[in-house]
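Given below, in the form of structure tokens, are the structures.
One chain, chain A, links the two complexes that follow: it is found with chain B in the first and with chain C in the second.
So, the complex of A and B:
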């Protein structure tokens, strides 16, 4: 596979992520991130050809939010389209922006992902999804209690619980370095036993402390063709490739057949067509959409195509720490901040910031030449990105 | 039995969609001024020379932040368009039929929607001069303007 032309990320802007943003309405909150992204890229709205806008369908219960948000997005008189693909929305926005520029349709595209969860009713938005009789399958969303049970069964209760809690505490330590992050709890490793036992239970061994937050916030990324990117930006983060995999999850009375997870399937495709045979050494960091620390733990094995307990060892040895061998989510990840329509975009944005060298206090202390970022949504959907420091094609 | 026509079933569904949203610092200031001083304020973009009522914290034309450029506009204005609401719904502030109009206040460049009373529906027209009638009891909403009435 080869792109028609190269596409670089030249600007990233994020609002502060928080449980409440009562001082701003939706377009005003988005405007904060738009201004930040324009400032980061050094361009003005006049340089932007097209705006792509998205969030979770129905989560704010506002019809056609992109029209209202014209006030804050700057899309007056510009081509604009709205994208909504559930939890993957933010990642799909990036995929769409990349394709709009790569195709030659537009030179500079601004992508906007947002959510203001405080204002809507997420349960109302999701409950109309399931009707198992008519192949609208049971949807458990991000409640990951079954994964906790599976990991405990495979690795034993003590080891599994301590690994998922260590993962959670590492994420919090990363979030403490990121002033945009929503939840910065100041957790210490010696709290692991206590938290694993006393944090309120949600489903089985999935506890409150393991779960992602509900956040308000917006993320904006600016994409440019190679020519424009080089004109505007000293070090763009290049979008080398991306893979989208959707899979319908269902409960089967005949038992669980073996299947390849959408994460492993996406990784296999991405690695195969980009010459990656040893992801741990060829990729320098990974921003993963980790809705809970049980899934975060489990998915390391899938995304990096590992076997056995090597993913658990990566956590136990601290390899995934910001200064470790294979840093994961130096931003603090999704358990720290989860403005859903922006969440998957934040993963790509944070990977881009690492390549550009602009991540600030949570910049990884080693060169980042190749980075990976993932989006997650639906019952088990994956969008997986590969970003590079060098012009890819 | 014609199964194509006679035995088609319908799956019934119903969604509850409760929501709220913050009016934010700009919208709140507009409402406070309306509630406490019975004054209508807008925000002005100096670059585009436009006054937005209701206020917009950013200029929707050029994108500039204008949230501190408050200006007072008159409580009189001109109807730029209208419709007649002829059905009743629980959320409506008054009983149908009523006139919902776009009103450009004197000093503003953007029209905003409100109810016009004190004129027969058949006499309603674009270009009508109207004046705000403030509510006796505040609700801290746009309904602190009770309605607009024909001026003079």
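So, the complex of A and C:
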């Protein structure tokens, strides 16, 4: 799908992610990431034409928070747009910024995703998503043990539990290399048996250690037209394409015989229109929105359109490690840091940093020419991105 | 040069104080079915490939308020994104999505049920920061009162002129079938209505409103598949002012002037005073109608009071629909204004039709004392 013009990522800024950012208020926390992104791109606020903002407002209970956040975003006197789609918000903001620049309306757009989960009740907030008449009794926040049960049924208890725990420990080893990450536990592979047995159970075999964190933090990305990107940045990360796929909310109430996940559906579309027939070899790394290590494990198969147990083997063989054949989440992923309105943007931002070669200690030790990033939210919603090192068109 | 974008269909529910018989999904479905009926569009690969919704988590009391809308917006295994801002911003984003080359056919559906909350002032109270301004007890109505005071000082507008704006709005509203609860008001009724945020009286404020509104946006090369009478989006522009009201000159129209300047530049408009056959401004409170007209550069700065006295609103065809003052939800104000302007340009406005309307301006506003403004310039195809 050829765009009106090419769009490149020229700057990324992230605040420190933590369970409690009590020393800053919301605009101050956002400002931290704004300054970092401006510094990374080498431009000033005067160069920015439009600011795109998003989060999930019921977490902090601030109505239209972009109004107050003007103090930290720098949107005073500028054009703005506020778009939210739940967990996918951060990825949606990237799609929005991409289109604002590609359309020719703007040359430079700054996108801001944030959340300060400490200031609200996350599980209560998420439960409030379900229909008050039909589904709220069934909703358990973001906690679902269904995938754990499915994976155990398909691959046997021992293999499933060990693969899921290995996935979790790999993610923690990656997070140890990322100084922005919220949870850096220093886990070792020989702890797998112990953790699988003794980490507190949440729902069935979904245990505390598997689950993502609740974080405070903000992520900012700066996008520019081809002309401006080349002017400001030595190696921009180009946004080649993105696909958004939602699902109806009560999809599981009445059962569904031929269940296609939104992940596989989005991947098929993205690969189809970009000539990708062998994702494992054509794509160099993947930043995946993995809300728990059970989902992370299961979704590798969906996003890469694999069959059978090849996704489990990728984990068992260490292929997904930062120095493996197909690195996944060198940043540590969502189990390490999860400021929800920013989380999906962090995925795209981290993939962009890998292409730009600016990921620092968690830079993959091989060339990254093509990267994929996913956002997840709502009732199994997906936004899937393809980023490239070379200008797409 | 990016391709043009046309509005091919417009649909609205009626706006009422309490649509208790319909959940918000049902209001949206009414809008979708009307758009499908008008254009024959569907959700196949050659139909709507992207839906933009407009709603608000706090007004809906639902986390991810668009989550409940997936089926109505045809987004099952499809794309939907929610504008969580003034509704007219959906036009802004829809324009970009099509001009970027990423989409050809975009559906916009906005909904809001102000009646669901105990008080809409409780909702807008939450827009204030929890440290300095929320403890004072501010909400958008109280903030508007402060701005109205500042504007009265600048323009000399008084109780009688404000009442005149409300009476005219009510006279226009009774001709608008989307406003079944409208009734003609007299000067006496308006001037005797209770003061809610001095100088704003109860009848100077838009009524609590429920309703939904939608549009179909299509790339110029495919417009003919859906309508013979498209309305083109000629230019858009918006601007954000500073947050703390003490940091602003409340009567200066800083953000609106800048938003208008951007939109006029994109639309190629040099003389806004003479450019528009139809003007729809978001007048949530009576004082805003003349004040926003100054900010838009259609009348001179500080001359709003004289403009009202000289029957300016009628001469300029301002808010022939009745305006926001006659009833449309806060969140959708600007999108409803754009819908009304587009209906006029399409020549489908019935009893309220203005003859030969070619160019129109629609305006939306959000935030305390007009912190954020967004504008769209539309043109008959």
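Everything that follows uses one rule, which is that the second predicted complex is superposed on the first by the 371 of 393 C-alpha atoms of A that agree within 3 Å, B and C clash if a C-alpha of one lies under 4 Å from a C-alpha of the other, contacts with A are read in each partner's own complex, and residues count from 1 in each chain.
The working rule: a residue touches a chain if its C-beta (ideal position, glycine included) is under 8 Å from a C-beta of that chain, and two chains touch if they have at least 3 such contacts.
Quick caveat: nothing in here was measured; it's all calculated off a predicted structure.
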| item | value |
| --- | --- |
| First, second, both or neither for A:61, with chain B first and chain C second | both |
| Touched partner set for A:70, first chain B, second chain C, both or neither | both |
| Chain B versus chain C as contact partner of A:190, first or second or both or neither | neither |
| A:102 touches, of chain B and chain C: first, second, both or neither? | second |
| Dominant contact partner of chain A by residue count, chain C or chain B | C |
| Touching partner for A:307 - first (chain B), second (chain C), both, neither | neither |
| First, second, both or neither for A:121, with chain B first and chain C second | first |
| First, second, both or neither for A:25, with chain B first and chain C second | both |
| Chain B/chain C common contact set on chain A | 25, 58, 61-62, 70-71, 76, 128, 131 |
| Touching residues (chain side chain A, partner chain C) in the complex | 1-4, 25, 51, 54, 56-59, 61-71, 75-86, 92, 95-96, 98-105, 125-126, 128-129, 131, 243-249, 260, 262, 265, 377-379 |
| In the complex, chain C residues that touch chain A | 1-2, 50, 56-58, 61-64, 66-68, 70-71, 75-85, 89, 92-93, 95-102, 123-131, 236-244, 254-255, 258-259, 262, 266, 366-368, 371-372 |
| Touching residues on chain B, where the partner in the complex is chain A | 11, 13, 15-27, 56-58, 60-63, 65 |
| Chain A residues within the chain B interface of the complex | 21-28, 31, 34-35, 45, 58, 60-62, 70-72, 74, 76, 116, 118-121, 124, 127-128, 131, 134 |
